[in-house]
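Read from first to last, the chains carry the letters A, B, C, D, E, F, G, H, I and J; within each, the first residue is number 1.
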């Protein structure tokens, strides 16, 4: 279905950012949802359907929880743009873990109670991509 | 050598954050450098040696470029704290890539001309971990 | 260190269950902590040290957050006893996911705000192992 | 065939739990069977066919032993909801094994003479998912 | 420890079959146990210790359940003698599964309530290795 | 083609055992051949075609050597019924190898000059699956 | 789409080098772009469309950033021609890294601000393939 | 032995480039040889031994063909500096192969009759790394 | 296309050996070429087309260099007939390498300037397969 | 032990070929045996011990069947000299299999009743390595 959504978006001359504005959700979340990772709220799905000309059955699919979110395989991101995130995680991950444990104690940054955004930061040496990950700290808690 | 640095740090009663302050570098970068991912500047290495009681040969090692930064294997981070970063990348990565391309054109966020920081964000529903990735956008450029 | 703890436990003639009782924690959690997966509370570490004859430095290690909890590799459990858990997850996992989503909505059972216990259930056809997993439901929540 | 069953279930407006009630089997088992992991009893298959409007040949397939239950590949569950079960098994598995051996002797919890159920547990800090695994203990027995 | 047992066995001039006879157990099981896959009974361990000149601590280890039976990795048997068993399983496994299901219904041949033996079968075209696998049939049973 | 054979077999109301009897071959071999692992003799292929209503071209295929017997990938058998064979091989394989070498010298049990059969063994504790592997011993022989 | 481009190129009797000349871009870059790795400039896409007889929608695709550049998997190049590059990288890579670090300091040769060309070098012992990789040096830079 | 060579080189205050000059070989080849990938000529080994203070036995090892050149495993280069070469090969490899075949016919660039060099290229936008691969073209030739 | 060639060959009642004779090339090379691993000479392609009834476009494909010779994946040969070659290489490969280096110096047997043939060798103990690999020795040569 | 044998061989100034002559066995087989893949005959072991100055215990080890011949892992040969054999098998293997089946029927070339030799073949275009594999054909035979 994602293929059809992408084609409809191109045909409608909308960027993902504009489509997210029409749908009325944060742009990373909305784009991910339209890539099949999350359900939309019913109202958001209706707006997406309006923007893209989807029928009732397709609209219904947008509000269902997707059965296989990521797909069935673990994979490192071979794509050049995505790989740089993985490399940063490989180089700085152990330091991040040590500092999270130092700051918060034993636990994790939730990837569920979580959001992410990106923005352009102007810089004389060349504009920069800034990506902010923000997740609730979950301490190991044994009740 | 990282094992000896970690033991000396514990013995000195320093957190990684405090050690980074003594060394005089950003805390994620300095921690990663002391984990063996980066060289320190000579002045920083001297301060690290002072804080940790290292000899001249060990200090010298801190300013050399590490020969094998990440190690010799690609690996997904099985550790629970690190895995959440990978999972977020798996769920939201394709959306991030689409939005970077939309905003900047064909290219990548550099992981070399790059920095990363984390901070605690107070929140009534539980404090949050905020991690900011910031890298220069590099357009594909064929000279 | 786990090897030394195990040897001391055998030498002291303690089962893991008895050791957990002396330490004063739930038995799965305490056993896992002594396997290097979790820190103990300071008081628990002191009791463990008493039971096992550990020195101050070793006791200190027990209250630190372990740096590499699971190890550095994803692995299926090849051991016959552990494999059966994996097989059950393979056979019934998709059904569990569908039912969790149906019951709770889009989200996960936390493995952090989580506990686990096992008990023997007498049964005429042969006693049974009952393992209870109990984790907070975390809905996908984008703030 | 699972795709057709799922579509028919949605069209009939039934949850998996309701469908299991109509079929007259435990909900995890019945859902797994309709996902292609187990045969149904003839009577159950007939009731499933009634609920979903299946023809005789499809009904027949429901009572045959599926030829490839899990599929042809070992895989870790990359899906976020399923991954948490794997992570819990990785973190607590060695402790579980030690305690099973301590309590029952050398052997396994059967994944064949086995059942599994899940329920919602109300909790002031947020409702919890409780999953109970229950399998016959099988001691290593060399006849 | 297995290395020391093997060396002691060679020094004592015993074949594995003779050692199993001294220990008083079936030869495949006893050999496997001395390879670290199973505990021995206390009486068997004492006899093994007598035959091999083992001390009290080593004897104690023989009656404990080994913590990691197979090791921590799934592996196909690259050794030529073992590979042929894997190849036979690859070529004839699907047929065996179909015939087990046809004969016994949905379930498995237990590898726990299980034994295995090998013998030489004289044959004019060259003697043959006969290996008999014998395990209790376990039907899928959901209580 | 195997799919069509299986469908025809079901339509004809034949078990694999009955089909093997009609074809006039051992049941494991014949089933495996019809799964695409071996050619049949011309006479057997003709009988299979009679039993299953196959045309001349399909019958011809049955007597050709299959081009890709096992498929193009090494795989552990994830299916629960097949996995138990692999697990038994993992637990007892090294012992089997030691005993084969002890009994026969350096070499292998052939998987080519080989047969396999299974039978039900009645047992008061529950009927058992007995699988007999029988292969010519091939000594390493350098001419 | 790459398949259609290749077929059109063959039908038009053009080599990749000739096609790149018509398109007006460097030959490695243009060939890679037509293999789906890069977008073309609008003017280049128009010329490609003229040379290959593509319609407006296909032409539009050529100027969009490809969504999955390399594909979704890391792979070593099994093809004999490509494998030699990988082997050279395996044999000489560590030396190259040491010399880059020695010459430029800690950092990388960019694969984004990068070009590559190949040419034939006549040689009495047999003509040679010369491939030149040229990328901007990026020092690790933490702003 | 490579570790000892590297330590001796550091102690002698020599860069790899300077060491190669003393040894009297091309710098990539000589560095790779001292990393254990190639034998040196006897004269070169003597000069290396002079520069690094090696004894006769170590000098002898330098002129022997190394038994395991790359090591026993295929691996993608996870190191950031090396990874960029792999990425360039992934992005441009298929185009290179097509152009080599177009220019030379069916065959490969030899990685045996082969050399490689790197140099710094000054550039107003930042200096560049230029790496030249040069190998004899080998046509598929069946004699 | 290979599937169509194989079907045409069967329909024409030709063995691969006979087809190679008609085509006028060595049988292993010609068979491999018709499997898609090599181009044929124009004259050979014409003869193949005559023997198999291929049209002009198919004939043209036979003289083009195949784009992906082996396919995109490294794989061990799981097929029983092919696996024996791999096993022989695993058992005797290190010895072969040592002897090649001893006999020829540092280098390889080319797999490009290479041929291979097989023949039947009558033997009282059972006929034998003899496979001869013959490749030009390529010394490591740095120009 | 192989390391000690290799060192003794070098110290004695013997090539593998000369050592095989002293031992009195075929050179590939004898070299492989001294690499730990095969037992030697008692007389051969005695001669090897004489040539290399081995003690009684080491000599004894040479006549025992090695417990782990190839090692515990399947691996493609990453070494450049060995890789060419694998590549030839990948390129020509399917053709070899088809021709073996055509010539001999359904079965394999034994890797057990098997020998291998290599020799130098003088050639005006450069000397060639000829490797001859020779194994008994084993037809699939179900007794």
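FYI, a residue touches a chain if its C-beta (ideal position, glycine included) is under 8 Å from a C-beta of that chain, and two chains touch if they have at least 3 such contacts.
Values in this document were obtained by computation on a predicted structure and should not be read as measured data.
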Set of chains adjacent to chain B and to chain G: A, H
Steps in the shortest chain-to-chain touch route ending at chain H and beginning at chain C: 2
Angle (degrees, nearest 5) of the CA superposition of chain E onto chain H: 145
Of all other chains, the one whose Cα centre sits farthest from chain A: J
Interface residue identity across copies chain B, chain H - same or different by half: different
Whole-Å separation of chain centres (CA-atom averages), chain D against chain H: 55
Where chain D and chain J are represented by their mean Cα positions, the distance between them in whole Å: 50
Mean-CA-position distance for chain H and chain A (Å): 42
Centre-to-centre distance between chain J and chain E (centres being mean Cα positions), rounded to whole Å: 30
Per-residue overlap in chain D, given as positions that touch at least 2 other chains: 29, 69-70, 74-76, 78-80, 87, 90-91, 97-98, 101, 107-108, 110-114, 123, 125, 134, 138, 143
Pairs of chains, among all present, that meet the touch criterion: A-B, A-C, A-D, A-G, A-H, B-C, B-D, B-G, B-H, C-D, C-E, C-F, D-E, D-F, E-F, E-I, E-J, F-I, F-J, G-H, G-I, G-J, H-I, H-J, I-J
Residues of chain H defined as touching chain B within the complex: 75-76, 78-80, 123, 125
For the chain B and chain D complex, residues of the former touching the latter: 78, 80, 83, 87, 90-91
Chain A - residues contacting chain D, complex: 68-74, 111-112, 143
Chain F-facing residues of chain J, complex: 26, 29, 38-39, 65, 67, 74, 97-98, 101, 105-108, 110, 112-115, 134, 138-143
Residue ranges of chain H touching chain G (in the complex, touch as defined): 15-17, 27-28, 31-32, 35, 37, 69-70, 74-77, 79-82, 84-104, 107-111, 113-114, 116, 118, 120-121, 123, 125-138
